[in-house]
Amino acid sequence: MSKGLHVVQGKDQRPSSLTIRGLTVSYGADPAVFSVDLDVYPDTMTAIIGPNGAGKSTMLKAAMGIIPRLSGQIQVLSRPLEEQRSAIAYVPQRASIDWDFPATVQDVVMMGLYPKLGLLGRINANHKAQVTSALDRVGMLDFAKRQIGQLSGGQQQRVFLARALVQDAQVYLLDEPFAGVDAATEKAIITVLHDLRSTGKTVVVVHHDLATVIDYFDQVILINKSIIAAGPTQDVFTTENLQLAYGGRLAATQLDVVGL
Amino acid sequence: MMGQEFFVLSFPPLVIGIFASIACALPGNFLILRKQALIGDALSHVVLPGIVVAFVITGAITTWPMMLGALSAAFLAIALIQAVQRIGRIEQGAAMGVVFTTMFALGVLLLEMTDTSKVHLDVEHALYGSLESLIWIDSYGWQSLLSIEDLSYMPVELWRMVGVCSVIVIFVVLFWRPLTLISFDEGFARTQGMRTNVMSTLLIGLSALAAIAAFDAVGSIIVIAMFICPPATARLMTNSLERQVWLSLVIASVSTVIGYYLAAYGPLVVGFEESLSAAGMIATVSGVFLALAALFGSHRKSNS
Amino acid sequence: MLWQSLTLQLGYNATLVSFGVTLLGIAAGLAGTYLYLRKNSLVSDAISHATLPGLVIAFLVMVAFGGDGRLLVGLLTGATLSAALGLYCVSLLTRKTRLSQDAAIGAVLSTFFSFGVVLLTFIQALPIGHQAGLQNFLLGSTAGMLWNDAMVITGLALAVTLVLIVFRRPMRLVAFDASYAQALGYRVGAIDAVILGVTLTVTVIGMSVVGLILIVALLIIPTVAARFWSEKSDVIFTLSGIFGGASGYIGAALSGFAPNLPAGPIIVLVAFVIFVISFLLAPERGVLAATLRFWSFQTRVHLTQGLLALAQDRPIYEPKTRRLLQRSGYIRADGVATDDGREQAFKTLQNERRWSFWKQHLEGDVLSADTSMVHSLIDIESRLTADQIAEIDNALLNEATS
């Protein structure tokens, strides 16, 4: 359990796009996330992995300022989070929303443009084109007029990714986007995320499927309340580190699946 | 029916009723989507202590101190509910239950301890209102609508209701997008840097304003019904938020008109002399509309 | 007089009323626990408002058959029937449509209540109307309570209390985890019906005492107050009954002392006082205790993070951490560690290293329940024996030299 500064370094020397210092989050007397120091750089695609209850989602939510932090500071592109809201987008884990809400797929994606539109700004052809293009990228264009409750779980997940896409952010945080989705959705999402990385964005994903880590991600953050290790996948995604993070909970057979 | 009698007796209550219904139904749409439908119920109960305290202080039934008292009580209630909910970690329904019943009890007790024999202030009045007594005594027919002098004899409740209703309409139009966001996905709104607490307090505050203005004119049972029944009815008939809101306003207005005439002339049809409570009838009709929508509404079923 | 009132020395009738109200409070407190646990507290609001049309119709029916119209049993029967119908509507709206429960409750309570009001204005227009006294049910009354009525109320409250105590286990199970209860072979539907049935009965009898709006208070406030004292549902259940009973008893006594004032609001305000005391002072979840715990915990987290940074020569970014370190005398105003600070920092890092080693190599030997804890905040010397620590230190020394 080293407590040093953890760095997820990209190919070039641009400044860190997500900086977390001394982050602790606690719901009760036991912190869910303790003393996290982390730098994530552009051009990377990072998996956050760790056992259940290790504070993966909590860390992401605290980094987005959705839940209060006990201590810690968050910077996005070297400026405080509060000034950089438009540079960071978040896709929640199977959003806890009312699926009967009177909104179509198109309406939901348009919500990603609300900060730019302001209170009364007119929705013009350009805005509509952005929504269409985002829906096209996630393969949901045919469903634009559907009410969101009429979609499958995977389709809903893609709509929320499209909403993040129209935000045109620099940093994308996704909370278990592959949990309980169909294969087509998983493929669509991973293609979009790789596209984002290749255009210089920063992508951070809470991930639960150890078997796909090596295929999907170039960087890994291993966490169990505190960060166990962080860095390039080949350095960090090792049997020793996994044992350290998961303890006895990770059986040898599981490690076989992972390919280690 | 469009003669002078209509303008003297029916025009003011109808217009006041319609504006009161719209003022409540409009924010009600968002309260329902946010699963805060019962805020309207809570607010209408805490109006009583506010008014009684204002009466105890001023010793008279005057409008502005009473409105102010009611508004303060409503904001105190909102603050207390939030405190019990957030600090005490109690679920919202129970927190509301603690606060509004206690404040209502306080109101009743204060009322009983105060000598109100000379004024018209009692619990029943607070509940039913007196829609029927709002008349436009100096109207000479539709041409009075064009006469500034005649209009000035319109019951003052009407202007107040029109004013409050306009404020609410402007608020909803202006903040349509933030209201949609906090109703649909509050977590996402927060990631956009929106002060969701401020927004939701504004929504509840405006609802309180609607409840109090409507309460003053038409009594609190209309308030509770209009916050919930028309938006809920509309919710069962469409999947578009915009259409839902428009529909709810139409349903609220139609309920008011039908309810008013049913209360005034319904008994006559069956040979009964006295008229029934208009406020009660209007609220009942809005409930009947909801029942119909629950049985036949095109979008009554849940997706999940 | 107050003392006499509290000790039931104000005569036979007053004593019976006090007894009945106390029992009502206990029953309401107990029944409210289940509503609260099912996150259903405001269902009671729908039930109580939905009684009104039944009450008025019962009156009309009794008059139509030449009766007095004020017979309590008849009125309560009408109230029960219409509240049951209201409850059924809430359940239908919630299950069969997309409306959520809060909207269903609000719709039913407002529609039923306003229909009741329409009927009331109808009665008032009748020649017999003004003697009906149905308004008493809005705010309740104990002062003019007849002997027979008091007996009816006391008897029903006693019966409900007994049912609640006898069925407390299955009810608690259903309230806590309905599907588990189902798996154990309990008939969840039937138990749910019993829960709602007792709530209905409490509401209807309570209505004649404290009024239909304020009975909701007795079903909610005692339980919420009890919630602050414990995390265990059986303790909450018992405490809620005690708080409800105490509210009824003290409230009835106080109103015996001031017979011109209605008992209902007084009882509710007594319950509220109990709530406020619990909210502020309860040791488990009370605000005072929770705030103090939070502050000390936050301080500990900041100090630990700061001391670890000091020990590893890392910069401390957070102003609050620096402030706390300085106040504890661990760093000087310019940020340089004091002797004391260096010593504490060393200890914190040592604690960290020991735990870290223990987690890697020895975990599972002891304290397996603690493995998910963040150990940095726990002094290892308080958890492991001196021998174990010596063993860890030895191993760490070997690791460092090799």
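Per-chain residue numbering starts at 1, and chain names A, B and C are given in the order in which the chains are listed.
The criterion applied here is as follows: a contact is a pair of C-beta atoms (placed from the backbone, for glycine too) under 8 Å apart; a residue touches a chain by one contact, two chains touch by 3 or more.
Small disclaimer: the values here were computed from a predicted structure and weren't measured.
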| said: For chain B and chain C, which third chains touch each of them? | reply: A
| task | Point out which chain occupies the most central position, where each centre is the mean of Cα atoms. | result | C
| task | Report the chain whose mean Cα position is at the greatest distance from that of chain B. | result | A
| request: Please work out the Cα centroid separation of chain B and chain C, and write it as a whole number of Å. | output: 29
| request: Let me have the rounded angstrom distance from the C-alpha centre of chain A over to the C-alpha centre of chain C, please. | output: 37
| query | Taking each chain's centre as its mean C-alpha position, how far apart are chain A and chain B in Å? | reply | 43
| query | Which residues does chain A have that touch at least 2 chains other than itself? | reply | 98, 100
| query | What residues in chain C touch two or more of the other chains? | reply | 98, 100
| field | Interface hub residues of chain B, defined as touching at least two other chains | value | 35, 235, 302-303
| Partner chain A, residues of chain B touching it in the complex | 33, 35, 174-178, 180-181, 183-185, 187-188, 190-193, 235, 238-241, 243-244, 302-304
| Contact residues on chain A for chain C in the complex? | 1-5, 21-22, 24, 26, 29-31, 34-35, 37, 53, 70-73, 98, 100, 225-226, 244, 247-248
| note | The residues of chain B that touch chain C in their complex are 32, 35-38, 40-41, 45, 84, 87-91, 93-98, 101-102, 104-106, 108-109, 112-113, 123-124, 127-128, 221-222, 224-225, 227-229, 232, 235-236, 263, 267, 272-274, 276-277, 279-284, 286-288, 290-291, 294, 297, 299-303
| field | chain B partner contacts - residues on chain C that touch it in the complex | value | 36, 39-42, 44-45, 92-93, 96-100, 102-103, 105-118, 120-122, 125, 135, 138-139, 211, 213-214, 216-217, 219-221, 223-224, 227-228, 260-262, 264-266, 268-269, 272, 275, 279, 285, 287, 290
| task | Show which residues of chain C lie in contact with chain A when the two form their complex. | result | 98, 100, 293, 297-298, 301-302, 304-305, 308-309, 312, 314, 316-318, 320-321, 352, 355-356, 359-360, 363-364, 371-377
